[in-house]
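Every chain is named by a letter (A, B, C, D and E) in the order it is written, and numbering of its residues begins at 1.
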Amino acid sequence: MQRIGVFVCHCGTNIAGTVDVKRVVEAVKKEPGVVYAEDYQYMCSEAGQQKIADAVKNEHLTGIVICSCSPRMHEGTFRKAAEKAGLNPYLVEIANIREQCSWIHKDMEEGTEKAVILARAAIAKVMLNAPLQPGESRVVKRALVIGGGIAGIQTALDIADAGYEVDIVEKTPSIGGRMSQLDKTFPTLDCSSCILTPKMGEVNAHEKINIYTYSEVEKVSGFVGDFSVDIRKKARYVDMDKCTGCGLCQEKCPSRKTPNEFNRGLNTRPAIYTPFAQAVPNVPVIDTEACIKFKTGKCGVCSKVCAAGAIDYTQKDEIITREYGAIVVATGFDTINLDKFDEYYYNQSKDVITALELERLMNAAGPTGGNVVRLSNGEHPKNIVFIQCVGSRDVTCRGKSYCSKICCMYTAKQAMLLKDHYPDVDVHVFYIDVRTPGKNFDEFYRRAVEEYDVDYIKGQVGKVSEAENGRLLVQGVDLIDNRQIKMEADLVVLATAIEPNKDVRKIATMLTASIDNNNFLTEAHPKLRPVESPTAGIFLSGVCQGPKDIPETVAQAGAAAIKVVGLLAKDKLVTNPCTAQSNPLFCNGCSACEKVCPYGAISYEEQQVMDGGVRENRRVAVVNSALCQGCGACTVACPSGAMDLKGFSNRQILAEVDAICR
Amino acid sequence: MSIEAKNENKEFKPLIVAFCCNWCSYAGADLAGSSRLAYPADVKIIRVPCSCRVNPLFILRAFQKGADGVILCGCHPGDCHYSTGNYYARRRMTLLFSMLDYLGVENGRTRVEWVSAAEGVKFSQTMNEFVEKIYSLGENVRLEDLRCKKN
Amino acid sequence: MQEELIRRAKELLGDGTVVRVMGWRKGDLSFNPEPALFETEESLAEFVYDGFCGANLSKYMIKLSKLEGKTLVFLKPCDTYSFNQLVKEHRVDREKAYIIGVGCDGSLDVDAMKEKGAKGIQEITEDGDTVTVRAIYGDKTFDREDVILERCRACKGGAHMVYDELASNADEEKPARDGRFSLVEKIEVMDPKERFAFWQNELSRCIRCNACRNVCPACSCIKCVFDNDRYDTAQKANADTFEEQMFHIIRAFHVAGRCTDCGECSRVCPEHIPLHLLNRKFIKDINTFYGDYQAGADTDSRAPLTNFTTEDVEPSIVQERG
Amino acid sequence: MYKIKKEQISALLETVGKAMDLYLPVNNNGKTNFGFWTEDAKVDLETLKTVKSPKDAFFPQSEVLYSCYKDAKKIEITPQELVNRDFVIFGVRACDVRGFQVLDRVFLADPVDTYYAARREHGIVVSLACGEPEESCFCKVFDIDAAAPEGDVVMWAVEDCYCMEAKTEKGENFLELVKEHLEPASDEDSQKTAAEQEKIRQIIEKFPYSHLSLEGWDGNATKEKFDDPRWKELSDACLACGTCTFSCPTCQCYDIRDFNTGHGVQRYRCWDSCMYSDFTLMAHGNNRTTQMQRFRQRFMHKLVYYPANNDGMYSCVGCGRCVEKCPQGLNIVKVIKRMGGSK
Amino acid sequence: MSADAKLAQQIREISGVDTRKCMKCGRCSASCPAYNEMDIRPHQFVSYVQNGNVEALMNSKSIWKCLSCFACVERCPRDVKPAKVIEAVRLSVIRQRGENFLSPDEIPALLDDETPQQLLASAYRKYRK
C-alpha cells in the first residue's frame, strides 16, 4: 500500500500569489494513496527539507510529491532530502506549479485548479515509481579541446597544469587562432603576438598537452567520463618528425598564387606553407589544391630542396581514436559574409575592408609590412571612415540580431593607432551606440575622441560608392546635427559582425550539444552554468558560446578548465538510473530497438525464457545500463512494449495522461 | 434538465496535453514561465526525456480520456540531447498524424513543434496558437471514448 | 502442378534434406484447403495446391524455425516478402527453411463468387482463366480476374524474393500491377467528415476476433500489447467505438514500414473490413515522404521507422497538404 | 397463420421498431449482421447467414455489469439496470434459435445469470425458415429442421409473401401488435408453406455435410477423444484468432474486466475465446499452454463436455459459420469427420 | 486616448510598422536620396509617430518629397520600414483632404529643376487624377 506525502511550496508569493496553496493541500489530501499533505513557505530551504524528512519518518511515506518550481531547479535538492530521510531518491516527483502554472496564469481560480491537476498527475506517477539505484561509470583522465585559439590554448594549459592530459585538435596547420591575426589588443595596446606566442610555446612544450593540428574531429561516441573520439589527421605531406622548420621549401615553391587565408586573402602564399612565422608546430603543410606536383605530377621542388627529407607526397589522412573524460569546445568565430550588404561596396572596392583585414594591414608581419595603404593603389589613405554594426544588431535576414560586442573597442583601438601612426589622417566613426562596459574600456574610447581627435558621428552610413576621382564616396547621416553627410574617403573599414565558426554545427551535432538559432552553443544555465553545455561532459570556451573579447575569453577558458578538472578528478561517475530495460518475456528479438539506439547500448543474447509454463530459448534484447542515456527511442520502436524506460515507464506516463485527462 | 442539455450549456473548455522533452522544450516552457509569457491554463505539460519517448499509444490514450488536443514539443532537429531522438519522433508523428487525418480526425488536433530551451517566447506563442486552434475545432468527438465522458 | 510439388516434397523428405513439409491440405469442400504440416511421404497424398491456397505460410516458419531439422515450405511470390521481413527481424531462421517458390495466378476468393451469385456451391474447378462453379441454385462461370482476392489485383509481380528452388510454374518475369494506391487516394480526397464516416462505418463491424493480427506476418509479437495487462492497453472486445479505432491504428502503426502488403489481413477479416487500406496508407506515406520502400524485398535494409534523414518532412505536412 | 406481402414487411417493421427495440439483419457495406432497426437501416432478410450469430441480442459481446464512481476517496457503486422492456429479434434462422437454447442451459441454470435472464424474458424471437440453405449448413446433423424453426413466431418466405405463425403466447402478443399489417393465411397458403418446407428439406439432403456422422462423439468419449493424437495435425494451422468463437451462436465464454474511466471504474464482461492464449490465464500461468490444447478444448466442449452435462445435447447447431469464416479453412466438420467413428 | 495618440495609432495600423522596433541608428536617413529636400527626415518620421506627433508630419513637405524608393526599408537593420510610415502619413493627409487632392494643373507650379523625375511618376501612381 502506497503512502504518499505531498508538499506544496509557496515560494514566497511566487506560487502563493496565483495559486491557493491551502486549497491545493486540501484537494490532494483526497487523492487515493495520499496520507499526508502540507504547505510551506520555501520547501527548498533547510526548514522545508526538514519537514520532508520528518514526514517521511513519522508518516512512513513510500513516495513524495513536491509541488514547487521546475524539477530542473530543485529535483536534485529534493531527491537528496529524501535520501537523507531514508527514502530512495527516485521516489520523489515534482509538480511544476511555478514556471508552468503560477508564473503564467493570473487568475487565482485558474491557477489553483491547474496546480491541483498537475499535483494529481505527479501523484499518479509517483504511485508507480520504483526505487532506482544509480550505476557507476569510469572517468577517462584525459580531456579534448576542440580549437587551438586563445580559448583552447588557455583551457588546455589550465587543465594540463592541474595534472591531466589534454589533446588539442585544431583544423588549421597551426594553433593560435584569431588572436594570432591581431596586431594590438585593447585596452592596453600590447602586441597580440607578444602575449600569445609565449602561450603557444608553452602549450607546445607542455608534457601533458598533445597537439593535433591540421586535424578534425570526425566522430564522437560515448558519454560524460567516457567519450571515444575519432580524429582525422589530415595528410600534411610533410613529416612532422623530420622537418626542421627551415622554411626553404616555402621560399622555393613555384606555386604562389593561392590567397593567403591568414592574411584574409590580402596577399598570396605558396602551396607549401605555414600560416605565419611563429606557427606552432612550425611544420608546413602542402595545399594539394594548389600544389603543382599534386595537380600535374611534375614539380617536386620542395622535396628536392628539403635537406631533412621531410616531404612525403604519399602521406594519407589518418584516423586515430582517443578516449576522453571531458570535451571542451573552443571553436571560435569568423566574420560574416558581406555579400548581402551591397551598399557598403565591399565586394566592389579593394578600399573597403573589414576590421580584421585592417588588423593584418597594421601588423608589421602583415602583407604590407604594417603600412596601412589603399589596396587599390598603394597610397596612404588620408581620410578613413569606420562603420559600426555592419550586420550586427540586424534582425533582417542579412545580419545577426545580436551585438558582436568587440567592435566598439577594436574600432577605438584601430582609430587611435591610425592617428598615432599617421597623424595626418582624418578618422571618422559612424556609430549607433558606443558600448564600452569593461574595465578601463570607456576611458579608452574617450581617449580616442579626446586625445586623438577621432571624429565619432552618431549615425549610420547608407551607401558607399565610388567618387569620380577614384576615391570612395560615403553617404551617411549625422543624427545629432540632423544633416546628411556626403564625404570622400580613402579607406572604409567595416566593423563586420562576428558569427560562430561554420563547423560548430557539425561538431555540436556530433557532441549532441545544443545550439541556438545563431549557432552559438547553448550553456547549461545562462547565469549559473555559463561554461557547461547541457550535455554532460561538454564544456564551452570562448566565442563559440557567445561574442566576447580576449580577457573574457581567457576568463571563460579558465572556468571551463576548472570544470573539466573537477570532472576528471572524480574516480567514478554516478550514472543515471533512468535507463531502458527489456522484459525478456515480451521481447521478440526483432532488433528494432537496437537500430534506433544512439549509444549502441542494446545487444542481443539467447536466453532461456519461462513463459506460461513453457521453457524456450529466445533471442532477447539486453540493455547496457552504463551506455544507455535514457532517451526512450527504443521503447517506441518496440511494438510489444517489452522495452520500457525506468523513471519514465509506459505505465507512469499513461498514469499521468489519465490523471490530467480525468 | 437532461444530460445533453447540460452539456450544451457548458462552455467549451479544451483539455490539451503537451508532451515536452526534458532538455529543450520543457526548459523552454520553464523559460516562458520565468519570462511570465502567459498561455492558457488548458495546457498541461507532461515531461518526457525526449520527444522519441512519446508512444502513439500515449497520444491516443489522451484522446480517449478526453483530451481535445495533443502537442508534442522537442528539441530542434539536429539539436536533440540524444542526438537522433527527435528525428525518429518526427517520422513517427508524421505518419501517425497522417493516419489520424486519413481516418477523418481533424488534423489540427495534433501538432509537433520544435522548441529550444531558449525559445520561451516560441513556447508561449505555440501554446496560444494551439489552444486557439482547438477552440476553433471544438470538442473532440471523433476520437473519444464515451465511457470516459464526465456527466 | 500439384503432382510436381508432391513429387519434389517426397524427394526432399526422402533424401533427408528436410524433415517436414509445410504446405496445404485438401479441404472437405473444394474451396477450403488448410495450411498443414506433412511429416511422412504417405501423408502428402492429401497435399493440394490450387487457387484457394491463398494462405501465406511464412508466419508458420516462426514456430517451425524452433524445431530440429529443416522444413520445406512452399511460398508464393508475395509470401516471400513476408519471409524476408521475418528473417530481417530475426523471427525465422533462413537456415531452417528449404523454400520452393511456387507460381501464382492470383488467389481465388470464394466470397467474391458468392457475391456474384454462386449459391449452394458443390464444386469449383479452375481451368486457366476460367473458374466454373457447380451449385445447387445454378452453375456459374467466372473470369478468374473477377474472382481473385483484392491483393492479387495489386500483385507485386511474379518474382520470388527468396527461394532455394523454383517450381516449374514460377514466372519470375510476371510484371507487377499498378493501381495499388488508387483506393487510398480515393479516401484521401474525401472531405474529413466523409472519411471519418467511411472508417467509422467500416470499423464498426469489427468483432475483434484478432484474425487480422494473428494472420499477419508482421504482427509476430510474442505478446501483443493489446493482450498485455501490464500497460493497461489490453482490450478483448470493442467496448467502445474508440477501441475499434485504437486497435487498428496502433496495429497499423506497429507494422508500418514492416508490412509487405501481403493482404492477409483483408483476406481473413470475417467482416470484410478493408484493413489493407490502413497499411497501404502508411506504405504510400512512407514512399512519398521517405522514398520508395518495399518491406521484405531484402533482409538488411533499414526500415523507414528505424531510420531518418536530417531533411525529413515535418509532421505539419499533414496540415499543409490540407 | 397469417401472411403479409413481402413489399409490406417494411411497414410492419416500422410499427415494431417504433414500439420497441427491434433487432434484425441489417446490411452494412455488403456484410449483414443483426443490428437495431432504424428508419434508414438496410434490412436484409435474404442473406442466409449473418456474419455474427444473433446471440448478442441476449449475450452482448460487451456489457457493463456495474459502475463505480470515485469521489475523492469515496466510492459509489451503481449496478447496471437490467433489461426491462420487451424487444424483438426478427428473422432468426433455425440453427440460431437452437443456439439460444444451448445458451439457456448455461446461463439459466443455477446460479441464474440475471443479465441474460432479463433479456431472455423480454426478448421475442421471430424466426425465419431458410428458403435457400447453403453448402456449409449441417443443422440437420443436430436434428434441426431449417424448414420449421422454433421461436415465438415462425415465418416462411412463400412466393411474394411471408407467412407467420405464433408458437407461444409471446408470439401471439407480437402478432397482435402488428395485426394491422397482416391478413389471415388461406388453406392454399398453408399448403404452399408445406410445399416450401418440403422443398427446403430436399435441398438440404443434397448438401455435402447433411449426412455427417456424429458417431463416436458423445458425453462418454472424454478420455478417448482427449488423448487422440490427431488433434495436433488438425490444429497445426490454427491462428489462435477468435473468428470461430465470435461468429458461433453457441460459444458462451466470457471474461470480466475493469475499465478505468478516469472518474471511476466500469466492470464489464465481454466475450472471450478459448482460442486465445490468455483464456483462463491465472496467477500461476495457464493450464493450456499450446494451441493444440486450446483447439482441442473448443471442440471437446462442443461435442463431448457439453453433451455430458446437458442430456446429450451438443453445443453445435450446424450453422456452418466457422466453416465459412475460418481464415485457414479449419472447422468443426473437419474435426468431426477426421476423428469421428473410431470407436 | 488623446487625438494625437489615436492618429499615431492609425498611422501604425495603416503602415503596419511597429515604431518601437527602431533603434535610432539613422541608416534610413543615411540612405535617403531625398534627404536634403525634407524638413522632417526619415528617421524622425519613426520617432515622431512613436511620440504621437503626427500633426507635424502631416504638415511636413517631406511627405511629398519622399520618392518611395524604399532604400530605407531595404537598409533598415531592424525591419522598421520608414517609407511605409511616410506613405501612411501621406495617405492620411489625402483622406482628410478628399480624394482629388493632386490635380495635374497644380503640378507645373510644384516642379523645379531639382525635383527628380521619379517623384512625378510616383505622384501620379499614388494620387488619383
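The working rule: contacts are C-beta pairs under 8 Å (C-beta built on N, C-alpha and C of every residue); 3 or more make two chains touch, one makes a residue touch a chain.
Quick caveat: nothing in here was measured; it's all calculated off a predicted structure.
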So, comparing each chain's Cα centre against the centre of all protein Cα atoms, which one is closest?
B
Please work out the Cα centroid separation of subunit A and subunit D, and write it as a whole number of Å.
71
When centres are defined as mean Cα positions, the distance from subunit B to subunit E in whole Å is 46
Quick check: how many Å separate the C-alpha centres of subunit B and subunit C?
36
Which residues belonging to subunit D are in contact with no fewer than two other chains?
259-260, 262-263, 277
Spell out, as numbers or ranges, the residues of subunit A touching 2 or more other chains.
596, 637, 650, 654, 658, 661-662
So which chains end up touching which?
A-B, A-C, A-D, A-E, B-C, B-D, C-D
Within the complex, which stretch of subunit A touches subunit B?
70-72, 96, 98-101, 103-107, 110-111, 113-114, 117-118, 121, 505, 508-509, 512, 514-517, 522, 534-535, 578, 596, 598, 629-633, 635-637, 645, 648, 650, 653-654, 656-658, 660-662
Along subunit B, where are the residues that touch subunit C in the complex?
56-57, 60, 63-64, 77-78, 84, 87-88, 90-108, 110-112, 142-147
In the complex, go through subunit A and note every residue touching subunit C.
585-592, 595-596, 604, 611, 616-619, 637, 639-642, 650-651, 654
Partner subunit E, residues of subunit A touching it in the complex:
343, 389, 393-396, 398-399, 430, 432, 458-463, 475-477, 479, 482, 484
Interface residues, subunit C side, partner subunit D - complex
27-29, 32-37, 52, 55, 60, 115, 119-122, 135-137, 201-202, 204-205, 207-211, 213-215, 227, 232, 234, 236-239, 264, 267-268, 270-272
